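Would you mind keeping the following structure in view while I ask a few things?
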Amino acid sequence: MNQRIEPYRIESEPYYRPVSDEVSLFEAAYARRIPLLLKGPTGCGKTRFVEYMAWRLRKPLVTIACNEDLTASDLVGRYLLDAAGTVWHDGPLTVAVRYGAICYLDEVVEARADTTVVIHPLADDRRMLPIDRLGELLHAHADFELVMSYNPGYQTALKDLKVSTKQRFGALDFQYASFDIETEIVGREAGVDADLASKLVGIAQRSRDLRGRGLDEGISTRMLVRAGALIADGVEPHAACRMALTRPVSDDEDVLDALDGFVDAFFGP
Amino acid sequence: MNQRIEPYRIESEPYYRPVSDEVSLFEAAYARRIPLLLKGPTGCGKTRFVEYMAWRLRKPLVTIACNEDLTASDLVGRYLLDAAGTVWHDGPLTVAVRYGAICYLDEVVEARADTTVVIHPLADDRRMLPIDRLGELLHAHADFELVMSYNPGYQTALKDLKVSTKQRFGALDFQYASFDIETEIVGREAGVDADLASKLVGIAQRSRDLRGRGLDEGISTRMLVRAGALIADGVEPHAACRMALTRPVSDDEDVLDALDGFVDAFFGP
Amino acid sequence: MNQRIEPYRIESEPYYRPVSDEVSLFEAAYARRIPLLLKGPTGCGKTRFVEYMAWRLRKPLVTIACNEDLTASDLVGRYLLDAAGTVWHDGPLTVAVRYGAICYLDEVVEARADTTVVIHPLADDRRMLPIDRLGELLHAHADFELVMSYNPGYQTALKDLKVSTKQRFGALDFQYASFDIETEIVGREAGVDADLASKLVGIAQRSRDLRGRGLDEGISTRMLVRAGALIADGVEPHAACRMALTRPVSDDEDVLDALDGFVDAFFGP
Amino acid sequence: MNQRIEPYRIESEPYYRPVSDEVSLFEAAYARRIPLLLKGPTGCGKTRFVEYMAWRLRKPLVTIACNEDLTASDLVGRYLLDAAGTVWHDGPLTVAVRYGAICYLDEVVEARADTTVVIHPLADDRRMLPIDRLGELLHAHADFELVMSYNPGYQTALKDLKVSTKQRFGALDFQYASFDIETEIVGREAGVDADLASKLVGIAQRSRDLRGRGLDEGISTRMLVRAGALIADGVEPHAACRMALTRPVSDDEDVLDALDGFVDAFFGP
Amino acid sequence: MNQRIEPYRIESEPYYRPVSDEVSLFEAAYARRIPLLLKGPTGCGKTRFVEYMAWRLRKPLVTIACNEDLTASDLVGRYLLDAAGTVWHDGPLTVAVRYGAICYLDEVVEARADTTVVIHPLADDRRMLPIDRLGELLHAHADFELVMSYNPGYQTALKDLKVSTKQRFGALDFQYASFDIETEIVGREAGVDADLASKLVGIAQRSRDLRGRGLDEGISTRMLVRAGALIADGVEPHAACRMALTRPVSDDEDVLDALDGFVDAFFGP
Amino acid sequence: MNQRIEPYRIESEPYYRPVSDEVSLFEAAYARRIPLLLKGPTGCGKTRFVEYMAWRLRKPLVTIACNEDLTASDLVGRYLLDAAGTVWHDGPLTVAVRYGAICYLDEVVEARADTTVVIHPLADDRRMLPIDRLGELLHAHADFELVMSYNPGYQTALKDLKVSTKQRFGALDFQYASFDIETEIVGREAGVDADLASKLVGIAQRSRDLRGRGLDEGISTRMLVRAGALIADGVEPHAACRMALTRPVSDDEDVLDALDGFVDAFFGP
């Protein structure tokens, strides 16, 4: 294992609470090296799941946050003038392909067409990455796996994956966990008791019903963990919920009133 | 044969199951060096066909995944600062022209105007590539052949090939294989029996009827092979179809219900 | 502490007049390293508050004025040709991450998508910054904290933070101070007596009622301080208000007439 | 004659069948060095005509395929870092101006405004090219001639030559040859007898009536030559026409049915 | 005083005719280093006023003509390859900040968002300029003052200063001078007698009534000075007015007829 | 006189036939160094007039063909890597300013905002050019004069000069010459007798009536000269008019029929 890939290794087991058969399905897909698309809302645990699977499979994890300014060169690499002179510098995708990491393209729908097209020959049975500037046809390391996330509630006619991209991937649906499981997660991660955790989850579940009616997304599990932690540190619950749950998700006064009402319903007015 | 082109040589025969007279027509066009346009939906086997023909004709194959950020320089080449100093670096198109490869422009309709215009003097009887920066008028190697793919269901008024480009090419239509042939392909590639393969093909054929009514494209042969392989590995058929066939192609609940119904029709509810 | 970060240290206590529990909430969020979003109108004291908190927590403060031309490289760093040759140059975000500063992204809603996406892995519990060009996965210094400001009255459908960004932050609402507190602030900062200060605050409060009815924003506390200072220097009050309060905020004659009327109401016609 | 221009010399007489007085008119315009605009549909022989005239006048021919990404520097030249260090590199237009070639701007309507403006001082009686970066006012070689092609069926309000450009040029209209001449051309170039050639021309002429009614352009002479050659090589006529004539020009089923009908009319159903 | 700033010093007193209390208000704002926005139509004397104030205050004046292609680097500086090698080169804004000049951003509304955001930390009480590439937090010289001009008749929804920019500035209104003062100015600057000057001012005043009714702006004082000078040199008055006053401001025949009528009214038909 | 400016000197008197008092008005404006805007249709002689005036005033003439890709650096200059290393290279505007040439910006309405803003400090009484990269405030040579052309029939809401630009210039209207003068010009320049010249002018005048009714511009004087020259060389008049007059100006069949009718009216059917 090359030292270039070492920083991407995950040392300790990340906390991940499976909600269905996603662990075994990921393992089955990985056994066949079928690239995977993780579909689901923001903050529901997709990133944590990939970290967990990378740890479980003992593979390094290279994460790339996609955005519309990410170029193909940002992924594949370029010649750089560094202190030692002109040297080729593998991009993060190339590092993953060459040394056998799981490469995770986060929010891939934000990427430009050229980024997603670059991965096509990696995502079918050719499993290769042409690096034109090096004159190299890089065949993927046997351990290499491609994973992308995207949020179906987000893509529009303007921003959607091309069909020819989607058809190269298998897909796993993600949703927020059930009430009991989410309560367990919040309790464990924030270090609060089940009663407090269940109140926070109750607020979140009500907020998720507002999705599409004033809210783009409901309150995520990650936000609940933060609210719980603040309360555990002694912050008054209404103030903690205001700062950690409600004010980040909306600027609209009516929506904020509704969200504050949910908080009052669980913590008193 | 130059070592620059060696990595592009195809060592072993790719599996390709002819569906009509496409092999002999490709050979006839190649004999006259008529450039070819392969038209058809994604995942129906165009890329595999080109690989097969390159192997059959014993020519190297240079594949270029087109995208809207691909510049003429990306194709033709540029002076690069590499570790050895400033050197000219042939782009993949130039490599193919110079050493006599089949150059395959995948999804050419994604390319910008300048990319497609660059190939014009290669695609008529001049068969030459002006490389202005080298002051070189490169005459194509006698073995050179130009092939492009595109998906007619995709191009819009905004993204279509120019007539002056299309008229420089011959064209071959591709469709999904017939039921029997597709079953044979899925069985062979996934390593499953004819019964299972035929069920998967049945699902795909129904999905293709939804094209234009909620689906941009139906389920492709490539996806069936993956679903079959997962089932062969012991994944429960409904879960395998969910991951490999239905969730990648749509985010729409109604469409997914219809697709799930097709799966139930073949594998039971 | 590295000399690279020294210029960002705040030497003397900035004047800040708390208006609610914002100081203790910031401290609670900082204790958990929850990144913070400061929401509120321009000129109401967000920047001063961050300076005060940085001084109070004895942390350096790296401020970045966001704009639509700010690239990810501007934040993270690049190789530069300087007088000593080619050297890597940490961007201001990297400086803050590496040496443990509070990094304040001012008017973050102006930034491009790639800028905000760059901070995602810093804003969840990974707290890391991948610097691809250095091949470095920088884990944030234990003292590092991320703070962003934005003005909710401003964002449009075109310019808004992505939900996946917002959900990574806690949020604190800011408003103009109450009449008494704002009068105290203006008196202290401009060096004028309470009577004059209260007149200026009265004008500002009336102007804020015009918000959305001809004015994008009312007159800010900062502007009142300047008007007060000019009057303290002997400028005639109407002329001072004209120059410091009314002419900057509008070019519309009707709005200016209304604003001049507010000035007359407090300083006589 | 400089070696820089040698590759642009046309060694052997290109086959060109005059259809009217275009040869003598080109010679008259060349005698006065009036720049020329060749107007006509794609594939009707404009490029071949310029090659023929260059050969006939014993002048080198520099052809530039215009596109919207072609910059003024691409035409005029730039300082390049090549293996020998930094050297000025004449662009193809400058080569033609300096050494007295015919410069042919193919599909000039695709070029950006700056490209066409660059040629203005070359296209009036100043006949000069200012090369600002060299500090050189290059006066055109006495043999230099400027020729551009464009397809009037193509230009739109968005893409048209500026009037100030057009007025600097003389213009020659091109159309497809008459039935007899086109039959002669197809027979000679494809190596087929007059009967087969006339059938192919018959198909093409019918297709040209569909122009504007489903087809952007009819089938060109160049395509007929290819169909003839395939049939001469033993390809079945319907298959040859499918590949070489009909499938390249349309993806529309109704149009393709009509075109197939024309083929059946000449080669039997 | 550094030699870098010397060329920006104004040697002799510019002619400026105050029209109201603008000189003392500028001095009061400068005493508090309140940045100033000069609002008014083109050619009414804003630029001359800043030159006069710079001379009066004995400060160098750095003028920057804003435009939409001006980048933050153009203002702040960059590393340049000059004849002496790679050296840092302060931009004009940095020169002004470092050595204590008045920095005048002319027509600031033309600048891009990033340009105006760069000045934010200079325009509030931080008075600092972060130069990321130098790793320098430049605190403004005690003499530094920021002045911007803009034309309120011009800004549109697309091009307007951001509220957060405007609120950092005090503002002075400028209008064309009164009839008597403008006559005095034209007489003095053009070297013509009061009778001729008053006729020219009469034409200009009438033209200003056409503003918004066919004219974007009326005839400016600067134009009158030029017309006067031409007449003083012996040019026939109608011809001088045609060339210097009317033909520059409109291409519309009706508007030109009206303007010619104003000229006839004062100089006879 | 520096050798950098020598190539811009006009050696022999250009043929120019004055049509009104434009020569003396140009001289009067030049005496006061009032920058000039030459307004008129394409091909009516603006460029030739400037060449004539430059010759008459014994000043070098630097002509810059404006286009939307011309940058401020293209005008002002830049550091270039040339064979001798890194050296500053004055742009054509700087050459003109430094050595006292007439600088002619042809079709200035095509230029981007930044180009035209660059000339503002040159076009008012400051007469200076700030060259930020050299740290030089270049004061214009006493002989320097700025001239721009534009075609009022062309500018649109999108492409027009800014009012603040126009007001810095005097303006001269140009039209096609009268029948007699244009006949004289065509006869002299083409070397044909008055009878033939008058026929050509007759065709052109009729074509100019079609302006706005199918033609963007009528046939210009320059085109008549070319048609005359071709006829003088023995080309049949109808063919010469077709090539030199009618086919360049329109692709519309109805318009071409009308134009051919004008030709027939003068040269017989």
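For reference, chains read A, B, C, D, E and F in written order, and residue numbers begin at 1 within each chain.
The working rule: a residue touches a chain if its C-beta (ideal position, glycine included) is under 8 Å from a C-beta of that chain, and two chains touch if they have at least 3 such contacts.
This is a predicted model, so every value here is computed, not measured.
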Common touching chains of chain F and chain C: E
Chains touching both chain D and chain F: none
Most remote chain, CA-based centroid, reference being chain E: B
Most distant chain from chain A, judged by the mean position of its C-alpha atoms: F
Chain A on chain E, rotation in degrees - Cα superposition, rounded to nearest 5: 120
Whole-Å separation of chain centres (CA-atom averages), chain B against chain F: 52
Chain A-chain B separation of Cα centroids, rounded to whole Å: 30
Multi-partner residues of chain B (each touching 2 or more other chains): 81
Pairwise touch network: line, ring, star, complete, or other: ring
Running round the ring (origin chain B, first step to chain D), the chains in order: B, D, F, E, C, A
Chain E to chain F touching residues, read off their complex: 4, 7-8, 42-43, 47, 63-70, 74, 80-83, 89, 91-92, 95, 106-107, 110, 151, 154, 216-217, 219-220, 222-223, 226, 229-230, 233-235, 239-240, 243-244, 247-249, 251
Sites on chain D touched by chain F in the complex: 21, 25, 28-29, 31-32, 34, 37, 39, 71-72, 79, 81, 85-88, 112-114, 117-118, 120-121, 124, 130, 132-133, 135-137, 152, 155, 163-164, 166-173
